[in-house]
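See the structures that follow.
Each of the two complexes below includes chain A, the first together with chain B, the second together with chain C.
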Partner chain A sequence: MSLLIKFINRAVDSGLIIKLLKKLPFISRLLVVAAIALIFGYLPLDGSFRRTYISENALMPNQAYSQFRETEWNIVRGFRNEIKDLKVWNIDIRNKIVSNWLQDYSLETSIYKTNIISDVSGDHNSEVLYGILNGQRCDGTEAMVICAPWFNSEMEYNVGGVSVAIALTRFFTNWPIWSKNIILVIPETPGVDLRKWVESYHNELKLTGGTIESAMVLDYPSESDSFDYLDVEYIGLNGALPNLDLVNTALHIAENEGIKISINGMKSFEKDQNNFKNRLHHISNGIQKMAMAGLYPLKGHEAFSGWRIQAITLKAVGNSGNHDITTFGRVPEAVTRSVNNLLEKFHQSFFFYLLLSPKLFVSIASYLPAAILVTVAFAGMSIDSLTKTNILKNDAVETFDFEIIVALVFYLISIALSLSYSKIINLLRNKNLNFDQQGKFLLIIQVFFLFTSYMIYKPTKKTYHMLKSIAFMHLSLVLTLLLALNFGLAFIMGVLAFPMTFIDFEKENKTKQRLLLLVSNPFIAIFCMCSWIEDKWTWTIFNVMSSSWENLGCWTWPIVCCSWLTTWILLVIASGYSPSNEKKRM
Partner chain B sequence: MKSNQLLKQNFFCVFILLVLSVFTCSVSAETNNWAVLVCTSRFWFNYRHMANTLSFYHTVKRLGIPDSQIVLMLADDVSCNSRNMFPGSVYNNKDHNIDLYGVNDDIEVDYKGYEVTVDNFMKILTNKFQHQTNSKRLLTDKDSNIFIYMTGHGGDNFLKFQDFEEIVSEDLNMAFNEMWLKERYNKILFMIDTCQANTMFSNFDAPNVVAIGSSELDESSYSHHTDMDIGVAVIDRFTYYVLEFLEQNIHNKKYDGTLQDLYDYLSFDKVHSHIGYKIDFLNKDLDLKDIKILDFFSQTQIIEPIKYENLGEASDNTFKDLLTSSLNHTLVNEKIENIVSQHAELKKIKSFSDINNGA
Partner chain C sequence: MAVLFSLFTLIVVVSTRYFLIPSLLGLDSNANLLQYLDVLFNTPYTSYKTLKECIIMLNYNGNSNLGSNLNQAPLYVSFFNVIPERLHFYIFCLFDIGSFYYIIQITNNRNEKELGPNSSIKLILYLLNPLIYINLLMKTTFVIIQFCIIMAIYHIQQSKSTKSINIAALMFAVVTYLDIYNLGLVLVLFNFIKDNKSLFLASYGSVFTIFMAVSFKLQPTFIMNNIVSKILFKEQYPNIGLWWYFFIEMFQEYRDFFKFVFNCYCYIFVLPIFIRFKNYSLQAFVILFTWITAFKPYPTIGELGFILLVFVYWFDLRIIEHKLIMCLLIIHSIILLPVFYHLWITIGSGNSNFFYALTLVYVVSVVLILLGMIKSVLYWEYEDDHQIVSTENKSETEINKQEKLNLVSVQ
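The block that comes next holds the complex of A and B.
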């Protein structure tokens, strides 16, 4: 300890600290460059990632024969013919018929009715059919979910998925080996109604089957006997990922069945994992999905996030490959059998990771430093502004400093303002404006605010620096809280918001500074990013964000409003400052 | 009528022989052999450890040690696990030829589940039970040969019990030394099938202990094969080949193969790890080739016929002497007690003809 103090004293004596403080903006920018280089330059490099492996001994994937093959083939086809015909009926009729089938196979069934109030999809009633297969010799405290929505995320009729799920459950009733209950869930869509079902399963449902350990959503929309490849989606809401063991188990089993595998819709089987570019592609796609989870139509597994349920979506893509529909069924069969072997909850493998290919991963220890660097960069900028207020100098100590009080009051105002912003979209729910117009209106407000605020209020130099300091510190703290929970969101927010650290209203060229502020406005930045990713104007993105917060509990909207927006508002208030004004005041 | 008489006569002969045999079990080197078979791991995915131990239980019984002299410790009951596709059965081979748990319904598990602890194991070895116990005890004497088999998950110098505690080689060594001082054994065959098994006995200094282990330091012991119906590995390589050797070679009690033969059989090709041994005999320089396998297994009962007349002279004291000197098993004791009580009636029998006449 004394050594450390000695070292610090020496650093202070030699003036190193002062020199470092002067270089802080440069250091901050360097840190952000380093963070981006770490994620996109270093992680995909050979030697910085590892091969995936099954960490939990009990799982034992592929140690048992998968039996869902020829004998079940006609049964699947029979169900598929029936379900094809059910498409014309309403959800309640469909569910009643399927419910009868399930009861014939000794499942306890129930129908959960829900009323969905949603901006984006409109208010409507929906219902979820679910049946519980009680394991013959199990204690009934744990359960595994197999879910097949009637319509998948692209609103295609999920004929293959539902038939495989029902046939598989029927097949499972013949087995005496279940140590956990099996729950078959058939919602109308894999989105809000499934999420509501999961919510009420943990709160109010009468018919339950124990703690849900794992969930698999089956998505096989084609009527064809065969499919091209299997896509595994796993990134959940709010940065929640399923345990890596479950993803590995599914991929391992699928590969053993000879199926071409892909993750996150990347067609990974076409991409050689020995290629740097492909790994980079996977990693950036993973981070983007982590940040944007809940802003696209849900695939299904997202609905289970937040209850310590490990969930994945298995999607059969195409209709012409070599793999037939029972091969698709053997994957959930073997995964169910593996999970059935578990004695404890999933805990052995990683809960935070990025996949660079189906078989390569980096764990949180490798990528987390990037987000830490970004938050440190903001903290650095905050300290830089703080030094410019001169309050750190010993000779300038005052007990009551009006200029600083003003800055703190503005901080409180901007927090209140940004909290009310999360409600602003509700106010915009005007029948005269459609979603596109609401989005455009919100963006216009930002620009308007930016270019008018300086006319109302002009801060002094000290207040200006204090405002900047508080703004950056606020964002830095929020990002610190967020970075371990939702790395993708924290990292992308940090990088997109970083241009705001370049603003310097001590310079006379105000337009450039305002443009920087414009670029780093949360709504404008998110809108631009989403439009770029989707390759079209995504005006509705804010409605989607707000609605997914209300209906799915996806954090993105409140976090953006309460951190990034607060910071931005503070900086806009600060933007009224100009050195010429200061001279006049003197 | 004649056949009926013959039957009665035969019955009597058998009866007398039985009485005689019980009376006259004499002490020989192999009469009091015991086996302690321990599976230390729980959980479904450790099915093979249960199967290993049960396989040895069967083999040891086949080779002549009765249930009463086997202490079987199973940390888990896989046969009743809900994941078991064949409820109530345990198999050690994917051919499902032998149901280790269901054969004749005569499995006696002495310590099960959470009773399998380091503490209990040490108590059994040293016979130091704190209180009066109904649990199975290892009632050996200075002429007993003990076969101790352990399997589970181990590492350098330790063997894990139940994911909860572990036994280290010093514990075992201490127990063996104590047993030697208490004259609880003549010799011990200690066999262990875990990862890094050889480290468990490399520091043994207890006399008259032969130890054989499945793998060296930093080596894993592997499973032999997986039963794809049950969905788990069902037996370990080392155990599989030891059993194979015993099954193939020992057909009767005249077998005179030595531990060296067994050792040579367990090559690296088969076991996929380097097996090791340690042998330490007091005042003797013995090697594996000097020790017969059947010393440990076969329970030979040498019957010395005593003349019928001698029975008349037998007093209660004679039986008590017999009890304390050579036979110390409760079951046998009970039988002898019964005979003592019946002794008065036996005396009344005058001749064969009396019995044949229905007296």
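The block that comes next holds the complex of A and C.
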């Protein structure tokens, strides 16, 4: 410790610290560049990633021969014909019929009714059918979920998925090997109703089968016997990822069955994993999905995140190809048998990772520094502004003077304002605007606020720097809070908000500064990013964000409102400052 | 006009602090956002949850000797048993107002050494201190301990009258009764008293004995459940202290030795601080309190709130360097502690190492504060010994060159 203090003293004496403090804006820009370079330049490079492996020995994927073969073919087809005919009926009749089938196979079934209030998809009633197959060697404390929604995320009738799920469960009843319960869940859609079911499974449902260890959502919308390739989705809400072992197990099994595999809808089988560009493509797609989970129609596995459930979605894409529907069924069969082997919960392998291809990954230690660098960059900008207020100097007698208290009061006001912003969509909802108009209205408010506020209030120099300092420190702290929870969101928020740090109202060219503020406005930046990704104007994105916070518990909306927006409002308040005005005051 | 204004401020403060924000948040701290901060502010010995448990067990068949998890002091439990449950929060509020009142009193008769912020800023600092406020919302025992400490300090500073000494002794008996780890502070309190030391000792000893005797009559198991289990690390829930982690890793055979070592470590500086800072009794008290808080088995962040407050009040902040690093360390550790706890306990994707690493960072920040305190006191002592009138008359560079670098060799 004394050595460290000696070192610091020497650094102070030599004036190094002062020099560094002067260079802080440059350093923090350098840090952000380094962060971006780390993610998009270094990670996809050879030597910075590893090949995936099964870490938990008990899993033993595909060690046993998969039995879901020709014998079951006609059974699957039979179910498929029946289910195809069920499409015309309402959900309650469909569920009643399927529930009768399941009861014939000695499953205990129950129907969970829920009422969904959502302004995006509209209010409606929905119900979830679920049945529990009691494992013969099971003490009823653990369970595995197989889920097949009636309609998938694209609102196609999931005829293959439901029939495979039912046939598979029927097939499982013949086996004496299950040491965990198997729960078959059939919701109407993989979205809010499934989420509500998972929520009430952990709170109030009468018929339960123990803690859910793993969940697989089967998605096979085509009526054809064959499919092109298998797509595995795994990125959950709020940055939750399933244990890498489960993803690996599924991919490993599918590959052993000879199926072409893909992750996150990337068609990975077409892309050579030895190619830098393909790995880069996978990593950027992964980060983007992590940040925006919950803003698109749910695939299904997202509904399970937050309860220590490892969940993935298996989606069969296409209707030609060499793989037939029982091959698709053998993947969940083998995964279920692997998970069945587990003696402990998933704890080996990684919970934080990015996949660069189905077989390559980087763990948290490699990519987390990028998010840390971004937060440090914001903290650096904050300290830079703080040094300009002179309150760090030891000779300042009055640490708290009026100008600083003004800044603190503005901080409290902007927090209150941004908290109320999270409700603004709810206020707009009841007016006679449609979703597009609501989104446009919100964006126009931002522009209006930006270009009028400086006429009302003009801060003094000290207040201006203090406001900036508080703003950047606030964002830096929120990013720190997020970086282990939801890396993707923290990183993307940090990078998109970074243009804020370039603003400097001590310069006379105000228009450029205002444009920078405009670009870094949370709503405008998010809108532009989503429109760019979707390749169309996504005016409804704010309604989607708000409703996914209310219905799914997806944090993106409150976090954007309470961190980025607060910072932005503070900077807009600070934007009234101009040096010429200051001279007049003197 | 001034009276009207202060009355108005008082009304605003009381209504927001004690009524508006609690009602917005909801009084049950397990149901609102505060549940994420549970690990920071609550230990089995201070939490409101165990208090309620104790009250239920007290009323259950009149037999309160059941169970080893009745970790609260019996008199404390009996006191809250008398009061209806919905009024409990307002009792804590009364104690909060009490500590606020005595803080004002202490601030009013400060000595000329303390050059910190002026008194109105000090009051704002108390009111806006989020740690103290959340501690109040959590209804932990430390709200009462804090009140008693502040009141004891106020009264013992006027140690001329016997009445004040008796009150201070009574208050400090409550402090040690509620948390036995504060026992070492009694020794430092003797620094405040010029004469009448035996009176303080006698009245403190008798009150403390009476408390213990009555508690033993009420509930004989409390010695085991409250005092011994605290010292012997019986309730090993994860907390922000340093030692719980050792006991989830360690073999049974070594535990007794380390229990002994850790307790010794917590108390090893009582005598040195008592002797070394004899002339700076208030500061010595705070330094020892900080040391014990950093290294006792069940610390909470609420105590840090009190430490930070008096750190700003009673030490010369201009002497202390690296304030920025201190601030950043404290803020980041307080933000990341609940996150890593959440990752470990709720989501299950992190593990205990994440959380423990952050408790290490937290303790480093507390120790930095401790170093700052000691440096400040040493500097004053140096000034007094060398008859330096005031630092304000000299230019900054001169101070840097001459006195500051000599600090290491201060006798």
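By our rule, the second predicted complex is superposed on the first by the 583 of 586 C-alpha atoms of A that agree within 3 Å, B and C clash if a C-alpha of one lies under 4 Å from a C-alpha of the other, contacts with A are read in each partner's own complex, and residues count from 1 in each chain.
One rule holds for everything that comes next: contacts are C-beta pairs under 8 Å (C-beta built on N, C-alpha and C of every residue); 3 or more make two chains touch, one makes a residue touch a chain.
Note that the structure is a prediction, hence the values are computed from the model and not measured.
Novice: Touching A:77, do we find chain B (first), chain C (second), both, or neither?
Specialist: Neither partner.
Novice: With both complexes overlaid on chain A, does A:352 touch chain B (first), chain C (second), both or neither?
Specialist: In the superposition, A:352 touches chain C alone.
Novice: Examine A:306 and indicate which partner it touches, taking first as chain B and second as chain C; both and neither are also allowed.
Specialist: second
Novice: Please indicate which partner A:202 is in contact with in the superposed arrangement: first for chain B, second for chain C, both, or neither.
Specialist: The answer is neither, since A:202 touches no partner chain.
Novice: Could you tell me if A:440 is touching chain B, chain C, both of them or neither one (first, second, both, neither)?
Specialist: Neither chain B nor chain C is touched by A:440.
Novice: For A:69, using the defined touch cut-off, is the partner it touches chain B, chain C, both, or neither? Pick first, second, both or neither.
Specialist: After superposition on chain A, A:69 lies in contact with neither partner.
Novice: If you stack the two complexes on chain A, which partner ends up touching A:484: first (chain B), second (chain C), both, or neither?
Specialist: The second partner, chain C, only.
Novice: One more residue to check, A:340. First (chain B), second (chain C), both or neither?
Specialist: After superposing on A, A:340 lies in contact with chain B but is clear of chain C.
Novice: Which positions of chain A sit in both the chain B and the chain C interface?
Specialist: No residue sits in both footprints.
Novice: So in the complex, the part of chain A that touches chain C is made up of which residues?
Specialist: Its residues touching chain C are 8-9, 240-241, 306, 308, 345, 351-352, 379, 383, 386, 392, 394-395, 398-400, 477, 480-481, 484-485.
Novice: Mind listing the chain B positions that touch chain A in their complex?
Specialist: Touch residues, chain B against chain A: 43-45, 81-85, 87, 226, 228-233.
Novice: Please give the residue numbers of chain C that touch chain A in the complex, ascending.
Specialist: 117, 121, 317-319, 322-324, 328, 331-332, 335-336, 339-340, 342-343, 347-350, 354, 396, 405
Novice: Taking the complex as given, what residues does chain A use to touch chain B?
Specialist: 57-58, 60, 63-65, 135-138, 175-179, 337, 340-341, 343
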